[in-house]
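Two complexes follow with subunit A in common, the first pairing it with subunit B and the second with subunit C.
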Partner chain A sequence: MSLLLALINKAVESGIIWKILRILPILSKLLLVISVALIFGIVPMDGSFRNTYISENALMPNQAYSQFRETEWNIVRGFRNEISSLNIWNLDVRNRIVRNWLDDFGLETDLFQTDFNSPFSNGLKSEVLYGVLNGQRCDGTEAMLIAAPWYNSENNYNVGGVSVAVALTKFFTNWPVWSKNIILVIPETPGFDLRAWVESYHKDLKITGGSIETAMILDYAMDSDSFDHLDVEYIGLNGGLPNLDMVNTAIHVAENEGVKVSINGMQSFSKPSNEFKNRLEHIAVGLQKMAFAGLEPLKGHEAFSGWRIQAITLKAVGHGGNSDITTFGRIPEAVTRSVNNLLEKFHQSFFFYLLLSPKLFVSIANYIPAAIILSVAYAAMAIHSILKTGLLTSNDKFIDIQSIEAFVMYAVSLTVSILYRQFVALIQNNHLSTQQQGKFILILQVFFVFTSYRVYVPKSKTKALMQAMAFMHFSLALTLLLALNFGLCFGMGVLAYPMVLAVEKNTSKLKQRMFLLISNPFVAIFLMYSFTQDKWSWDLFNIMISTWDNIRCWTWPVVSCSWLVSWILVVISCNGEDNVTDEPKRTKED
Partner chain B sequence: MASFYTNGLFIFIYITTRYFLFPHLLKMFNAEQMMLQYIDVLFNTPFISYKTLKECILFTQFKNNGSNLNQMPLYVSLFVNIPEQLHFYMFALIDMLTLLYFLKLDIPHCVSTSLKTKFWIYLFNPLIFLNLIMRTQFVFTQFFIIMALYYCQNYKLNKYHVYKASISIAIATYLDIYNIGLALICLNFFKKFNQRKQSTICFITALTLLYFISYRINSNFIDNVILSCVLFKEQYPNIGLWWYFFTEMFQEYRNFFKFVFNGYSYIFVIPVFLRFKHYPLQGSVILFTWITMFKPYPTVGELGFILTAFVSWFDMNIIENKLIMGLLVMHSLVLLPVFYHLWITVGSGNSNFFYAMTLVYVIGLALVLLGMIKSLLYNEYISINCDDKNHEEDKSDKKLNLVCV
Partner chain C sequence: MLFENNTFIVLLAFVLYITISCGIEDNTNNWAVLVCTSRFWFNYRHMANTLSIYHTVKRLGIPDNQIILMLADDVSCNARNLYPGSIFNNKDHNIDLYNFDNNIEVDYKGYEVTVDNFIKVLTNKFEYQTNSKRLLTNKDSNVFVYMTGHGGENFLKFQDFEEIVSEDLNMAFNEMWLKERYKQIFFMIDTCQANTMFAKFDAPNVVSIGSSALDESSYSHHTDMDIGVAVIDRFTYYVLEFLEENTKDRNYNGTLQDLYDYLSFDKVHSHIGYKIDGDKKLQDIKIMDFFGQKQQIEPLPVIDNESYFKDLLTKVNHTIINDKINELKNPKKIITNSKKKLINAINKSI
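== the complex of A and B ==
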């Protein structure tokens, strides 16, 4: 302790602290660079990642011989013929016919009606068919779930997925090994109605089968007998990831069956996994999917996040490859049998990871520093702004009209940001198409950036205080997010950084406004999203709000309660005159 | 005259926004569901939460034995007689009175906090406000502590003030047994032996009387409230340091460690009493902070009181590391509910995450405590060692020594 004290005294005497305080803006930029370099440079580098392994030994993937083979081949083909001929019928006819089959297998079945009535998804009605297969050795407290939507996320008729799911269920009924219930769910789409079913399962569903441990969504949207490779999607809503064991088991099983596996739609099996660029791409796509989870077309596994369910989507990609449709069935079979072995819950601390390839991962300790450093970068700017006010160094009164003004502005921008949703709902009612609404919101941001100085110009102390509050608010928001949703936290921190550049002293007016414009949450998210989707997606804001309303995806409230607040404060503070002199600091130096 | 009216208007606005508008808005936006459930673990323990209070009221009304009440019988019987819609206004009234006594408290001459500043500090403290919104018992405890400090300070004005002080500290002790050390510290206010004797006798009598009445109402409170609080019988996770130890510990060692932990939280009562003899006001806050750090069921509401007292009763110019202190406390307060949510709701984190944050929180609290002690000792050193001539010089010297990080 005394050594530490001596060190601190030494630091104070040598004036190094004052030197550090003076270069805080540079330090902040440096921290940003370090943070980005950490994620995109260090983490994909050799030595910071590990090979994946099964942490829970009871899972034993592929220890048992998979039985869903040629004997089932004709059954699958029969179901497939029937189901592909059902394509012309309505949902309720399809559901009724499949329900009859399930009843014949001995499942308890029911239909669940969903109905959305929020302003952002007008009156969506749907019906979900589900059935519970009671495990012979089971006490009814735990369940495994297999879902196959009628139409997949690209709106293709999921003929293979549904037929495999039905055939698998029939196949499962013949076995006496199940120590967990098996639930089969067939929704119309993998989006809102599946989520509504899950929500209802945990509230008031008629037939239930205990707490759902795992969920697999089968997506085989083609008529062909064989497929090229398997794609595993696993990133859930609000930064929730399934346990790494679940993903590992699926990948392990699939590779054992001789199927090529990709994750997140990255077809990287043609490239060697020891290539740096390959891993970098995986990390970038993984982070992007994490940040935009819920905004992109829903794959199905998103519906299960938030209830401690380990959910993945298995998607067969490509016509006519080496693997046939029963191979696709063997993968959920083997995973189900592995999970069936599980006596306890999935292992702790296997929930935070980034996958660099199907078989490589980084753990939380290696990538979380990037988010912390980002948060510190904003905190440094906040400290810099506080020092500019001179409150800490001089004995001025803290509370005067200027500081009260700053607090009032903070409260106002907070209120405005929270009420932004109501504002967007107002636009909604004015007979504009969703595209026009999106354009209108974007134009509004531009308008605000270039005209706000006509309304209110803060004094120098107010300005500095507002900046301090804005950056502190944002830093706290990033801290809050870093363990919840790393992708969103990192993306927000990087995309909002031009805000910091805008408050610098020697930027020209135009440059400053441009920085402010590109750091606007709506503009930045819109550009980033359009870039990743490869098309202008003007209806993004509607999607954000409707996902918040219907499936509790936090992206909208998080962005509007943290980024928007800080951004409004920074824009208003940038209007202020720049005659701040560093008087308190100068006296200090003397 | 004009200032009178502006003040009146101002107080009117203050009362309407704080006690009517904001709670109403929160209710309108369904804050209970949206937000307050996430910070529930910070503000509530089984012994002070409003939920258990409602439970107790129900038990006393419909099930007479009430053998598992977790709140003090007198506190419950106060609320039994108030209709449920008015409960919040009872808390609001107490909060208002707390503010009144807080403003009337004389602050030490070395600190130049004006009346207005004190008012703003209390008003803008989000922790105190959230504590009020949560309707925890600490609203009452805080009120009685501040009232006791006020009457102790002004015991010369009226001879009954000594009794009032002792009675209110007795009530604070009655509500939370861990405040018993404050009774000793408050003796430092009184200069004459006679008053000390009076105060002690009055305190003991009042406390005994309170316990006796409670015993007549419901004899189970000794087991359910006092002993389960002191012996940590309700093992819920909270922001204190105890629960994690006792989830890991074997049964045989528990009693020993309960003794050790309790001893640890009380160990500084006599040293603080002796060392800060001339600063009873600050001494009581220091002791309160220490006990909050190490008691079994601390809450963030207590931090609200500590920070308010810290900012208004201590010389902030002397305290260094203000920013580090602030950042540490703020970030731990943000991360505590997040990690609790990750552990309990989402299931992806575990208890270690939450416990690590409580450690950070306690470190922040320890920094606050160090700041308090340092400011006090520095002032004492100046007042003893420097006469008036050198005083000015010292002040400039003090400024130079500042490290504002």
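== the complex of A and C ==
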């Protein structure tokens, strides 16, 4: 400690500290560049990533033969014909017919009725069919889950997925090796109704089978006998990822079956993963999926986030390829066999990682510095603004009317941000379509940016204080978020950075307003989201709020409680007049 | 004066004792302590290792009551076992280790397999324990100690909960020696970095063989794709193969050197090691000293035995038998050739 003190004293005496304080805005920009370079430059470089490996001894993937082969082929085809012809019927008819089959296999089955009353999902009513296969010799305290929604995330009839799931369940009933129960769930969609079932499972569901360890969602939405490759989706809500061992097991098993594997819908497979560009793309898409988890169409595995369930979605892509539909069944079979060997839980391995290809990963220690540096960049701006107030160097009283004004503004913007959801709900009641609502919110932001100076113009001290509070608030929010949801944290930090450019001196009014506009949370998220989805998604804000209401996706509250607060403060402060003298310089001359 | 006399007698007795006990070449009884230290389904092979050795030791003649078998888990009853009630050590499923001969006697099972219990077995420090669970050896016993599990440098894990370090084991062996609980110990260990376990042993008359050198792993031999686990370790597999091929009867004359040469790097995939006490060599120690059971037989001090038993067969006369038994109990003429008797005589005279 004394060494540190000595160092600080030396820094102050030699005047370095004053030099650093004067170049804080430049330093902040430099930190942003370093942070971005770290993620997109250093992390995909050779040496900073590792090959994935199975770290849990008990898993032993592929040590047992997968038997879901030729003998099951006709059974799968039979179920597929039946399920294919069920397409014309309503959900309740389909569910009842399949339920009869499951009863015949000896499963305990039930139907779960979902009923939403959120203003953002229009009283969605649905029915979820589920059945529990009690392992012959198991203690019934743990379960492995297989789910196959009737319609997948792209709203295609999941005929292959459901028939494989049903045939696989029938196949599982013949095996005496289960140490955990097996649960089969068939919801209408992989979205809110599956989530409602999971929530109910942990509260008051009629039939349960112990704590769910793993969940696999089967998505084979085509009539074809064979598929081209397997896509593994794993990024859950709120930055929650399944244990890396679970993803590894699925990829390992699939490659062992001779199936090409991609992750996150990237079409590049693990063989040509040596290219830098390839890894960079995987990082970018991974971060984007992490940041937008819950906003994009739900794949199914998101429904299990938050209960320590390792969930992945297995999606068959491409008509007619080298792998047939029983191969698709052998993958969940082998994963189930492997997870069956597990004792209690996934003990080791990683929960925070980025995958650079199906078989390469970076651990949290290698990429978290980027988010830390980013939050320091905002903290630097906060310190810069505090220096501008002159409170540290002059003998003025801290509490005067100007500083009280600043604190009141902070409280007001915090309140406004938190109540934004209610505000959006108000618009929602006015018989506008979701598209129109989204457009209305965006226009409101533009309106606020260009007219707020008519309402209130802060004095110079208030202005600096407001900026300090805005940046400090944002920096703290990023620090809180960085380990939990790295993608969202990093995305927010980068997208909000024009706020910092807007508060600089010598910026023209128009440029300043443009910076403020593009750093607006709604505008920035809307633009970014539309860019990644390749279409204008005007209903984004409705999705954000309804995912918060229905599946507890944090994106809305996080954005409105951190980014929006800071942004409102910065916009109002930018209305203020600049102080002519430079405070730190003057004190040094003293 | 009295003190001097006593010292002299004790000294004399000690010198006599040393000369006599060194004169005994063969052990009179064989014991085995077989320990599997790991639980859990994925350690199936450790149980299979231990049970395979158990059956081999029994085949070669050590009776069940002289084998202490410690199994930390019971995979045969595991829900994941495709063949309930069976354990196999080969994917050909030729031998069911659990139902072989319908005869298995596990002395310590499950959570009873602890470092504490293992040390207590070796040093016989139990307060209450049935005799069948004790290692009732004497100074003429040869003890075979086999251990398998997960280990590291200088330690072996017990049940993923505690571990035994090599110093513990060495102290236990030393204590056994001081208590005259063995004549020779053959210590065999199959674990990762096994050779570190006995590298610092200094207990006398202990021969050790381990499966792998420092920083080396011991590997499993093969996986049974039906059961879905590795069923046996390489080291144990080839030890068994050697014993199956060579020790067809108890007259096998091979030494530990033969076993050591057999377990080459090509087979085991790790460098096996050994440690032997003093100037002895592996060639000096016969394998059957540890595996072949020798009955405790002492010649009866009776003259003309054969004619006596012939008489006994022709006419059964209880009074004669009783007389004969009395005669046996209180022999009139002591044959002092027997070294045992000499020791007794000396002890009595002291």
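Methods note: the second predicted complex is superposed on the first by the 573 of 590 C-alpha atoms of A that agree within 3 Å, B and C clash if a C-alpha of one lies under 4 Å from a C-alpha of the other, contacts with A are read in each partner's own complex, and residues count from 1 in each chain.
One rule holds in what follows: a residue touches a chain if its C-beta (ideal position, glycine included) is under 8 Å from a C-beta of that chain, and two chains touch if they have at least 3 such contacts.
Everything numeric in this text was worked out from a predicted model, so none of it was measured.
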{"item": "More subunit A residues in contact - subunit B or subunit C", "value": "B"}
{"item": "First (subunit B), second (subunit C), both or neither touched by A:G306", "value": "first"}
{"item": "Contacts of A:P176 with subunit B and subunit C, given as first, second, both or neither", "value": "second"}
{"item": "Partner chain in contact with A:N341 - subunit B first, subunit C second, else both or neither", "value": "second"}
{"item": "First, second, both or neither for A:V446, with subunit B first and subunit C second", "value": "neither"}
{"item": "Touching partner for A:T479 - first (subunit B), second (subunit C), both, neither", "value": "first"}
{"item": "Which of subunit B and subunit C A:A379 touches, first, second, both or neither", "value": "first"}
{"item": "Complex contact set, residues of subunit A against subunit C", "value": "57-58, 60, 63-65, 135-139, 176-179, 337, 340-341, 343"}
{"item": "Subunit B-touching residues of subunit A, taken from the complex the two chains share", "value": "8, 12, 17, 21, 240-241, 306, 308, 348-349, 351-352, 379, 383, 386-387, 392-393, 395, 398-399, 407, 472, 476, 479-480, 483-484"}
{"item": "For the subunit B and subunit A complex, residues of the former touching the latter", "value": "116-117, 120, 124, 317, 322-323, 327, 330-331, 334-335, 338-339, 341-342, 345-350, 353, 402-405"}
{"item": "Complex interface listing, subunit C residues touching subunit A", "value": "40-42, 78-82, 84, 223, 225-230"}
